[in-house]
Amino acid sequence: MKINRPLYSLAIMILFLIVFAILMKNMANDYILSIVSFTGINIMLAVSLNLTNGFTGLFSLGHPAFMAIGGYITALLTFSIEKKPLFLPDLPQWMVPVHLPFFPALLVGGCCAACVALILGMSVLRLKGHYLAVATIGFLIIVQVFLNNADSITRGPLGLNGLTDFTNIYWVTGWVIVTIYICWKIKFSSLGRSMLSVREDEMAANALGVNLFYTRNFALAVGAFFAGIAGGLWGHLITAVTPNSFSLIMSFNIVVMVVVGGTGSITGSITAAIIFTLAYECFKPLEENFGIYGVGEIVMSLILILILIFRPSGMFGADEPAFVLGKYKHHNFN
Amino acid sequence: MDLGYLLQQLINGLILGSMYALVAIGFSMIYGIVKLINFAHGDIVMIGAFTTLALMETAGLPFPLVASCVLFTGCAMGILIERTSFRPMRGAPQVTGFIASLGVSIMIQNFGILTLSAQPRNFSFPDYMQTMLNLGPASFRVVDLVIFLTAIVLMVTLMFLVKKTKLGMAMRATAENIDVARMMGININKTIMATFAIGSGLAGIAGLMWGGKFGQIDPLMGFVPGLKSFVAAVIGGVGSIPGAILGGFILGFSEVLFVGLLPPIYSSYRDAFVFGTLIIILIILPNGLLGKDMEDRV
Amino acid sequence: MLTIKNIDVLRGKTHVLHQVDLKVGHCEIIALIGANGAGKTTTLKTISGFLRPAKGSILYSAHKDAEQMDLTAMEPEQIVAAGISQCPEGRGVFSQLSVKENLLIGAYLRSDSEIKEDIQSIYEMFPILGERLNQVAGSLSGGEQMMLALGRSLMSRPKLLILDEPSLGLAPLIIESIFDMLKKINTQGITILIVEQNAVMALELSHRAYVLETGKVALSGKSADLASNPQVQKAYLGGE
């Protein structure tokens, strides 16, 4: 059993990303750079959702809520102290002097998202299937309502804007590498194999002593952490965070990426994220020029439904493609 | 807190509850028979509302005819959705059906945005509907009375259909055990289609009511009411029609009382309240109040 | 009446039935016995149209002079309409419908005026059902549910009655009374195909029998002969 091959592939992927980033920074214009950054953020979202959904069959539609938590907290922490009274006059006193540089702010945002995920997980993770999915939608809406109404902290529907554009291609690439590396290592570890087994057959996993509840909670928290980071990056890319951007539509779009790429396949999520971000960028001008708003989403949903009917395992199925795995075989618990 | 105010809130709750109940019935019926959540159900409400608008303003048809057309349109949409997105999913894992259903809903919403633009439209019922009536210190409009009475009539008709007719028996048998139902010679394709048609017809009428009650419609209007009606169905116990009716009224009353009795600063939190209730019910009472299905849990 | 010719049936990738041949003659009682996993339920599901054989044919004629139909080309609803009624494994009564409604569902495909009469005769056959006619079927005991399932199948006035392990989970006395009832039904002209793990009673009831082992017909013949066959005795009758 050659363990080396997947590790090789991962190393190559990481190298490629670094080289790509350097090239892009030096050659491409700002517009292309922002598209690449969006792509990177989508990759983070897809891969982290894949961890939660794909490995454990757990259906969480609350990902944008974790993005929002991470995004808002990062924004509040990086907000310059002078600006705060102007934008947020009613901010609670203890929050005003708190100010962190970008990287720690991101981490705090991600950790907060993960903590909320643990709380959510404790409450709802005993539910199954679509009941769990609906509970996560409920969670998303609750978060949206709070963001829209806790004016003193979030500025309500206006959101926070005028954020410093810290995000650049190096930050994005760095975090993409971290996300892929960690999710990859988890998948190919013994913990990862136990997660796969949960997805395949719950009763068997139970019999083997795999603690379903904690495994699922872990998956949710890790996924939420990266979503939170992605939220922070996103906010500082477009220099604003608003409640409406973190909606069920975004949830749906990330799900489409994961399903089309193949739930369980990291390569699949990466590929699908790239394809969809690019497709989205093509649709946007089309929609604006011809006034045909909504066409992009219609096409996305159509593709999703067709894939679900005719090729439900997505592009790469539940695993990495052959050229990545080589002769590596996951242990089966049959 | 005077009695008049309370009475007014109760009346408002009754009206809102009637609409939630109608939509929740459709959810429960569909879930009961195919064990899948139909996300697009809320969007059928939207289609019902827009159809009403088109028929009344553009074609200027009399109201009873419009209502029948809307009912029919709802049925047709339900059948279309069943054929194109639920039947191919039969046998697939639950979550696959769930995402597909979500996809259909988003497709319909965006189709609405594409063809009708996201701008809200004004909805106007004939003038006599707006006449005010009084019940002691509380007041309501004719349209409210029409909504309530129509809802009751539809619910009673439906209960009769389900409990006393052959089709109703077939629907209940198929919902309980689809394989044995086939062994009895029941054509499950037709039975499932009929369920979707009836449930969706009710949703279409609810759209007509919604437009009449709130006066404004837009392509995304179906999403939140649809989801809230799902909450109502869960409260009552998914799969149970009396449960859906009960849940619809409970939700209607709770939502109105939440807004009416708490200080105004909290009223925009009502959606959070509704979905918080959903999560709590799913955790502590997953079968709802009247439901019998056993859902397996971890 | 029923001729199963050389069928192969696969479920997913598993090859369950191999070249199975089976004949059911008019007014016979045929038993299909075998261990768990031998393929008995798969055979019944194939007859009723829920599974399709990869190879072979199933021909059926409702009575002696009727034309033969190929069941493998028919939908389950059509097969029921042709006069084949199955009593599924575990009884399969609709626990949320009343006793009366369960019987009415049995007559789902009928539209004639004699349905009420038939329900009466079921009540005469099984008086306990008459007592409980408005109760939900889920509140009945195992034996009562078996009677209900049997009555329900009879409501479609079948020519061929198929039963999948009717004795499962029932007390011996009740099994006896059910089997006595089956004998009576057979004398009234209904052909019976019964699948059983309880080989003793199945061989006692039936005229001829087939023994199914890992998807193949291992033995067949007159039930009396099979009952005294030493192989069968050792494997299925617990004797020597």
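Letters A, B and C name the chains as they come in the text, with residue numbers starting at 1 for each one.
One rule holds in what follows: a residue touches a chain if its C-beta (ideal position, glycine included) is under 8 Å from a C-beta of that chain, and two chains touch if they have at least 3 such contacts.
Small disclaimer: the values here were computed from a predicted structure and weren't measured.
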Each chain counted as touching chain A and chain B at once: none
Chain whose average C-alpha position is farthest from chain C's own: A
Innermost chain, where centres are averages of C-alpha coordinates: B
For chain A paired with chain B, centre-to-centre distance based on mean C-alpha positions, whole Å: 33
Whole-Å separation of chain centres (CA-atom averages), chain B against chain C: 43
Chain centre separation in whole Å, for chain C relative to chain A (CA means): 55
Overlap residues in chain C, where contacts from two or more other chains coincide: none
Interface hub residues of chain B, defined as touching at least two other chains: none
Chain A residues within the chain B interface of the complex: 57, 59, 123-131, 133-135, 137-139, 141-142, 145-146, 148-149, 202, 212-213, 216, 248-249, 252, 255-256, 259, 292-295, 297-298, 300-302, 304-305, 308-309, 312
In the complex, chain C residues that touch chain B: 48, 50, 76-77, 80-81, 85-86, 88, 92, 94-97, 101, 104-106, 108-109, 152, 156
Interfacial residue positions of chain B with respect to chain C in the complex: 166, 169-170, 172-173, 176-177, 179-187, 292
Interfacial residue positions of chain B with respect to chain A in the complex: 36-37, 85, 88-89, 92, 94-100, 102-104, 106-107, 109-114, 117-118, 223, 227, 230-231, 234, 268-269, 271-272, 275-276, 278-279, 282-283, 286, 295-298
